[in-house]
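Structure, as C-alpha cells:
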Amino acid sequence: MLSLNDFIGRQPAWCPGCGNFSILNAFREVMVELQIAPHEIVIVSGIGQAGKFPHYTRCNTFNGLHGRTLPVATGIKLANHHLKVFAVAGDGDCYGEGGNHLIHAIRRNPDIKLFVHNNQVYGLTKGQASPTTMRGVKTKNQPFGTVSEPLNPLALAIALDCSFVARGFAGDPEHLKMVMKEAIKHKGFSLIDILQPCVTYNKFNTYKWYRERVYHLEINYDPRDRIGAFGKALEWGEKIPIGILYKHEKTTLEEQFPIIKGEPLAEQKVDMDKIREIFSKILVKEK
Amino acid sequence: MDYSIRIGGEAGQGIQTIGDTLAHIFAEAGYYVFTSQDYESRIRGGHNSFYIRISDKPKEAMKARLEILLALDKDSITLHGPELSENGQILYDPSLFKQTLEGPRVLSIPFLDLALKHGGSKIMMNSVAIGSIVGMLKMQPEPMIETIQKTFGKKDTEVLEANVKCAKLGYEFALKECLKCSFSVSQVLKPNTLISGNEAIGIGACASGLKFYSGYPMTPSTGIFNFIAEYARDLGIVVEQAEDEISAINMIIGASFAGVRAMTATSGGGFCLMVEGLSLAAMTETPLVVVLAQRPGPATGLPTRTEAAELLFATFAGHGEFPRVIFAPGSPKQALYLTNKAFDLSEKYQILVLILTDQYLADSQWTYDSLDMERLKYVDYRLRGKNFRNILSYNRHSFTESGVSPLGVPGDAHHLIVTDSDEHDEEGHITEDPQIRTRMVEKRLFKKIPYIKREISPPIFFGENPPDTLVVCWGSMYGVVKEVVEELKQDLKLGMLHFSEIYPFPEEDGYLRYFEKAKKVVGVEQNALSQFEKLLGMEKGISFDARINKFDGRPFTVEELKERLIAVAK
Amino acid sequence: MLSLNDFIGRQPAWCPGCGNFSILNAFREVMVELQIAPHEIVIVSGIGQAGKFPHYTRCNTFNGLHGRTLPVATGIKLANHHLKVFAVAGDGDCYGEGGNHLIHAIRRNPDIKLFVHNNQVYGLTKGQASPTTMRGVKTKNQPFGTVSEPLNPLALAIALDCSFVARGFAGDPEHLKMVMKEAIKHKGFSLIDILQPCVTYNKFNTYKWYRERVYHLEINYDPRDRIGAFGKALEWGEKIPIGILYKHEKTTLEEQFPIIKGEPLAEQKVDMDKIREIFSKILVKEK
Amino acid sequence: MDYSIRIGGEAGQGIQTIGDTLAHIFAEAGYYVFTSQDYESRIRGGHNSFYIRISDKPKEAMKARLEILLALDKDSITLHGPELSENGQILYDPSLFKQTLEGPRVLSIPFLDLALKHGGSKIMMNSVAIGSIVGMLKMQPEPMIETIQKTFGKKDTEVLEANVKCAKLGYEFALKECLKCSFSVSQVLKPNTLISGNEAIGIGACASGLKFYSGYPMTPSTGIFNFIAEYARDLGIVVEQAEDEISAINMIIGASFAGVRAMTATSGGGFCLMVEGLSLAAMTETPLVVVLAQRPGPATGLPTRTEAAELLFATFAGHGEFPRVIFAPGSPKQALYLTNKAFDLSEKYQILVLILTDQYLADSQWTYDSLDMERLKYVDYRLRGKNFRNILSYNRHSFTESGVSPLGVPGDAHHLIVTDSDEHDEEGHITEDPQIRTRMVEKRLFKKIPYIKREISPPIFFGENPPDTLVVCWGSMYGVVKEVVEELKQDLKLGMLHFSEIYPFPEEDGYLRYFEKAKKVVGVEQNALSQFEKLLGMEKGISFDARINKFDGRPFTVEELKERLIAVAK
C-alpha cells in the first residue's frame, strides 16, 4: 500500500501561500488514492515555479528546459508507453515559450496529462505579463500595460479538438483532485489548466478574485458537445467555469505505430542478426 | 578506363532517376562508380544535373572533363558543353528543344519518339536515354535489364516490360549509330555496392540499434529521414516528424532518457534551433546523436548546394561548457562506421556526438566491393531490467572515477531516475551548492574527456612520407584531395592528412610529426574562413602556410583542385 | 495610375499549374485595383514555395527564415505603421515551424495581412506531411500514414479571437480577390488561409477535390457571431466554406503605444539633447 | 578607509532594497562604492546577500573579509560569520531568529520592534537597518535622509515620514550603542554616480537612439529590459515582450529593417534560440545589437549566478560565415561606452554586434565621479527621406569598395528595398549564380572585416612594464584583476592586459609585445575551459603558461584571486 509518505520529496522553494502547494498536495493524494507508484510515473517539467514541482514529490523526473516539456514527454511516451507521463508547466512555459508544442501535442494526442499552473504571470522571473495576463495590466516590462488579448487555453484546445480539456482551481483542491483523476482515467492527451494564485506577483487575480468567480460546471453539462464546450470556454470574467469542459476519446499517438502495439520500444531487443540480414542486401554483393 | 557522364535537364524531367539507375547498372556490372548531384531549390524547371564517373578502379571524386553529356535541356549544352573532352559525345533528342547540333561529337537519338511509339508514354524517354548510354559504352545489356527490373519490380509488369523495351531500343540505337563513339569498357566481374552518404548514415544508425527518430525536413539531411522511415516498419523504429527542430531535439532527448537510442538530422538553420537542446542533453547526461548536414549559409544561403562552414559553430554550439564528439566522415564508408561509433560513444559516455556532413557527401554515391557488417558494434550500456532492480541504491548522477554514472531505464526498477537542466546533486535534484557544482563540472568535463580522447582515431595519412607539401583536409574533401595527391605525389612529394574524427583531437598525437616534417602545409576547405585550420591552431598551435578555399556552393573537381594545388605547392 | 506592369517581378520558379500562380495574380490585381504602390508595401515571407512570392511581384521585400514571417512583420509594423505589411507563408511555415508566432500575432493584433498558401503539404522539401495534411496520408516521411489530427487554422484563429478570419481558394481567383480586398480594408490582424493545390506533391487535395467541396458562404452568413463562426470553421470534408468566416474590429497593437499615435517610429528624430538631459540625472553629479 | 558590508537574509526580506539604498546613500555622501549581489532562483526564503564596499578611493571588486555583516537570517551567520574581520561587527535583531549572539563583535538592535512601534509596519525594519549601518559608520545623516526621500518620494508622505523616522532611530541607536565600533569614515565632498552593469547598458542603448526593444525575460538580462521599459515613454521607445526569444530576435530584425535602431538582451538558453536569427541578420545585412548576459550552464545551470563560459559559443554562433563584433565590458563605464559603440558599428557596417556580460557585472554597481555624456556618439547612417528619394537608382546589396551598401529606409522613396535570407544578387533577389555568391561572401566578410578591425581598440595594459608575469583577462574580470595586480605589482612585477573589445582582434597589435616581454603569462577566467585563451591561441597563436579558473558560479573575491595568483606567479 502506497501512502502519502511515498510522495514526499525535497523542501519546496515556493513562497508561503503560493497556489502551487495545493496542486502538489492534490497530486500526491491522487497518486495514493489511485495507488500509482513513484517509479511508474515520469514527470516532465520546464523552468519556472511550476517547473520545480517534480522535485517536491517522488517520481522519475525530467526537469528540462523552459517551454519544452511536451516534446520531451512525447519522446518518453513513444519510447515507453507503459509509463504514466505527466507534463507540468507554467503558463509562460506552456502557452508562451512552448506554445507551438502545445498545438502539436494536442494534434498528436499522446496519452500525456498536462497540468498548466496558470498564475497569469511569470513568477520565477519576477512578475512580467504572461500570455494569460489580462489586458491593461501594467508591470515593469509592460510599461504601456499588457497590450495583447489574453490567451484562452481552453478555447484553443477545443479548437484543436483536444481529447480532454479541463480547468481546475488551486483553491478548490477536492474538485481539482476529481479533475486530475478523470484526466488520468481518460485515454489521450489531457490538458488541465489550473488557476493558481501567485501571492507575490499577481495582485489582481488573487484567491479572492478567483473565488468570487469560479463555479463548478452544471450537472447536466455535456462535455461531448464541442460547440457547446467552445461557448463555455469563452466564459471568463464575472463567472469562470471549472471542471471538464470537453472530452472525447480518439486514437492516441502511440496506438498508431503498429510496431509498439505490444511491448514498449524501450523493452524491444535490438536484433543484430536481423539488421545484418536486411542491410546485407545493400552492403554485401555476392562474389 | 575512366569515363565521366553528366545528365543535365530541368527539375522534374527525371534527371535523378536516370542518373541513379545508370549508377546502379554500372555498379551491378562490376564497375566502380562515383556520382554527385547538382540541383536548384525548385521542383520543376531551372537546371539540374547528375554526374556519374565510371571506372575499373575506385574513383572517389568528380572530374570537370566529360566523356558523355546527356542533354535534356538547352542549358545543359550551354553550361556543360565546354566541359566535353576531345572524344566526348553529346547525347540528345533534337525534338526536345529547338536546337540542332552538328558534328562528330554529337549523337542524336529520338528519345521521345521512341518512348511514345514503343513505350506508350513520354516518361519512358528516360529508359531510352539510359539504354542509349549503356549502348554508347558498348556494355553488355544484362546488368541494365536486371537493374530496371529491380527498379520497376514493384510496379505492374506492363510498365516494367515497356521500360525494358525502351531501354533496349535506346541501347541498340546507340550501339548502331554511335560508330564514332570510341568508348570501350574493360571486362569486370564482381558487382559492387553503391551507397550514398545519407544512406550510409541511415544504415549506420539502424545498425546501431536506433529505435527513435524525430526530425524536421531540411535539405540535405532529409535523405536520412527518408531512409530511416523506409526501414521503420521492418526494424521497429518509431519515426515522428516534429513541428519544428526544437521539438525534434527535445523528443529524441525524451526517448533517449526513456531508454532507447535516438537520433535526429538537420541542416544549419535547423541546427541553430537545436542548440539549446544540445546543452540540455549535456546537463542531463542524456546520450544523443545529431547529424548536421551542412549547406552554404548564412541563413537560407544556397539551400541545395554544398559548403562545410559550420565546424566551429558545431564545436562550440550550446550555452555553458560540456564535452562533445564531432565526426565528419569523408566517404559513405566512413559515414557508416562513424555513425556506428557515434552511437556507441554517445551511450558509453552519455554525451552528445555530432556527425557533420554536407550536401556533396550526403547526395554522392560511391561503390565498394562489400562493406564489412561485422565491424558494426552494438553494446547496450544501460542499466536495465533485472540488473537495475538488483542494485541496492541508485543515483542517476553519482560521482564515479570515470565521470560516467550508471544510466538506468525509468520504470525498470523501483529506483527513481531524476535529472535536471539545473545544476543538480548526485540524485539529480536542483542544487546551488558551489562544491557540488564544481565537482559536477569536473565530472562532466574533466573526467570524461581523457577517456573520450583515447577512443578517437588519429587522421589518415596518405602519400609520400616525409612529404614536402602536406595537404590537410577534413570531412567530404577526402576523395578529391586523395585523387589529386595520388596523381601529384611523386612530382611534388605530396602527402595528405585527412581528419574524420575531428573533435576532441585524439590522445595519440603521432600525426603531429607530419606537420613538423613537411616543408609546407596547405589546407583545403570548402569554406571561406579555413575553420579546421583555426581549430587546429586553437588546439595544437599549428598554422598552415597556404590554404585553398572554395565557397561558391559547388564541390571541387579534380581538375580545379589540381590546378590550385600545383599553384601553391610549387 | 498604377498598372499590372508595376507588379511584374522575377520569373516564378514554381511548377506549371501550381496554385501559387493564381494567388500571385490575384494579389497583383488587387494592388492595381486599390492603387497601392509597390514602395508602400512590405511583403515578409519565409522559406518554402510560398516564401518565394514577393520576388515575383514588386514590393519592399523581407524574405526571411522558414517559420519566422510574423515576428519580422510585427517588428516592421511597429517601426513604421504607415507601411502596408503583408506576411506570406506556407502551411508548414506558418502552422508548423511558426505556429507559436501565429498564436501570439493574433493576440497582439497588429494590422498585418497574412496569406497562408495552404497546399496541405511541404512543397519545397518534396512532399512531407504538413500540419494540415489529412489523417492517414502516407508519404516517405510518414511511413505509418499521417498520425496527427489536421490543424484547423480557422477554428484556431477564432478561438484566439482573431480580428479577421477567412478562407480563399486559388481556383476561385475572383472570390479570392474579394477576400483580399476585404482583408486590406479591415483594420487588424487578418488571416486568409488559401487552399492552394500543389500539383506535384499533393495528389489527394487536387483542384478537382477542392472544386467539388468548396462553396461560398451564404449571403445571410453573419461573420460577427463568434460561436457560429466556430461551427462554420469546423466544416471540412464534404463541404468546405470559403469567404470571411469571422470579423470584428478591435484596437490594434500599434494603436496601443501612445508614442506612435502620430508619426511612425522610423520617422521620429533622435533627440540627443533630451537624452542627455534625462540621463544626466543619473550620470552626472553636480560638483 | 575601505569597508565591506554584507547584508544577508531570505529572499523576500528586502535585502536588495537595503543594499541598494545604502549604496546610493554612500555614493550621495561622496564615497566610492562597489556592490555585488548573490541570490538564489526563488522568490521567498532560501538565502540571498548583498555586498557593499565603501571607500574614499575607487574600489572595483569584492573582498571576502567583512567589516559589517547585517544578518537578517541565521544562514547569514553560518555562511558569512567566518568572513568577519578582526574589528568586524555583526548587526542583527535577536527577535528575528532564535539565536542570541554574544561578544564584542555583535551589535544587536531591535529592528522589528522599532519598526512596529515607530513606523507602524514590519517592512520599516529595513529602514531601521539602513539607519543602523549609517550610524555604525558614524556618517552624517543627511545623505541618508535625502536618499530615502528620493526613494519614497513617489509614495505618500506618511510612508516617507515613517521611513525617515525609522532610519533615524536606527541611526541614533547605532551611534549610541556601537561604542565598540571602530569605524570612522573620511570626510569627502562630491557625490558620485552609482550605476550597475545592466543600467549602463540600458543608458548606452537609449543614448544611441534605440527605438525598439523586444525581449523575453531571462536572468540576468532582465534588468536591461526593465531599464529600457522604464524610459520607454519619455524617450519614445516601443518595448514589446515576445512570446519567445525567436520572436524577439526576428522582431528586432524587422524593426531594424524598417529603419529604427533595435536591440534585445537575453541569457544563454535564450541566446541559443536566437542563433538562427543572427545568421539571418548577417545575410540580410541588417544592423543588430544583442546582449548576452552569461550565467553558469549548461542548460538552466545556476540561473542566478555568474560565469563567463559562452565566449566561444558567441564567437561562432550561427550557421554559415559572417562578420560580427563582440564586446565584453569590464565595468559599467565600459558597458556604457561600448554599448554606444556597438550601435554605431552595427549600423555603420550593417553587422551584428554582441555585448557579453555576466550576472556579476550585470548586477554590480560601481561609482564614478560623473560620466561624460559628450562621448556618446550618434550618427545616422541610413539613407532616408529626401536623400533617398533623390538618388536615381538603388540596389540594397550593391557591390561597393568597402563592402557596405547604402541602407535605405523602406517607404521613404519609390526605390524598393529587397532582401533575402537566400543568397541574393545586388538587388536582393534570390540567386544561384556561383560568381555572385562568391562576390557576396567577399563583400560581407573579406571587405568589411579589415575596416572593422581598424575600429577596434586594443586591450588596456596596467601595471609594471615590462612585466615578469602578465595577467590576461577579459570582460567582468577587470576590476578584481586590477585590484590584485595593483596590490602585488611591485612585489611580483605584475602587469595586466584586459580585453573588452574582444572580437575581431584589433588591427593595431602593439599589445602583442607584452606577451613577448613577459616571462610568464597567466589567464584568469570565470569558466572551466579558458575560452579566451583558446580564442587568442586560434587568432594569434599565443598560449599561456598558467591559468586560474573558477566555475562554481560565484565571483572571485580579491583575496581568493590574490592567493591563487601568488601561487602561480611565484
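Order as written gives the chain letters A, B, C and D; numbering starts at 1 within each chain.
Here is the rule we go by: a contact is a pair of C-beta atoms (placed from the backbone, for glycine too) under 8 Å apart; a residue touches a chain by one contact, two chains touch by 3 or more.
From a predicted model like this one, the values you see are computed outputs, not experimental measurements.
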item	value
Which of A-B and B-C has more C-beta contact pairs	A-B
Pair from A-B, B-C or C-D with over half of its contact pairs in common with A-D	B-C
Centre-of-Cα separation between subunit D and subunit B, whole angstrom	44
Computed distance of Cα centres, subunit C from subunit B, in Å	37
Centre-to-centre distance between subunit D and subunit C (centres being mean Cα positions), rounded to whole Å	40
Where subunit C touches two or more other chains at once, by residue number	47, 64-65, 96, 99-100, 103-104, 108, 131, 144, 147, 257-258
Residues of subunit D engaged with two or more neighbouring chains	40-41, 46, 232-233, 240, 243-244, 246, 269, 276, 280, 284, 299-300, 303, 420-422
Complex contacts: residues of subunit C adjacent to subunit B	13-16, 47, 49, 64-67, 96-97, 99, 122-126, 128-129, 131, 140-144, 147, 200-201
Of subunit C, residues touching subunit A in the complex	96, 98-100, 103-104, 106-109, 131, 144-145, 147-152, 155-156, 158-161, 226-227, 230-231, 233-234, 250, 253, 256-258
Subunit A-facing residues of subunit B, complex	190-193, 195, 199, 203, 206-207, 209, 211-212, 214, 231-238, 240, 242-244, 246-260, 262, 276-277, 280, 284, 336, 369-371, 373, 376, 378, 380, 409-411, 413-422, 428-430
Residue ranges of subunit C in contact with subunit D within the complex	10, 37-40, 42, 44, 47, 52, 54-55, 58-65, 68, 70-80, 82-83, 100-101, 103-104, 108, 257-260, 265-266, 268, 270, 272, 274-276, 278-280, 282-287
Subunit C contact footprint on subunit B (complex, rising order)	12, 40-46, 216-219, 222, 225-226, 229-230, 232-233, 239-241, 243-244, 269, 299-300, 303
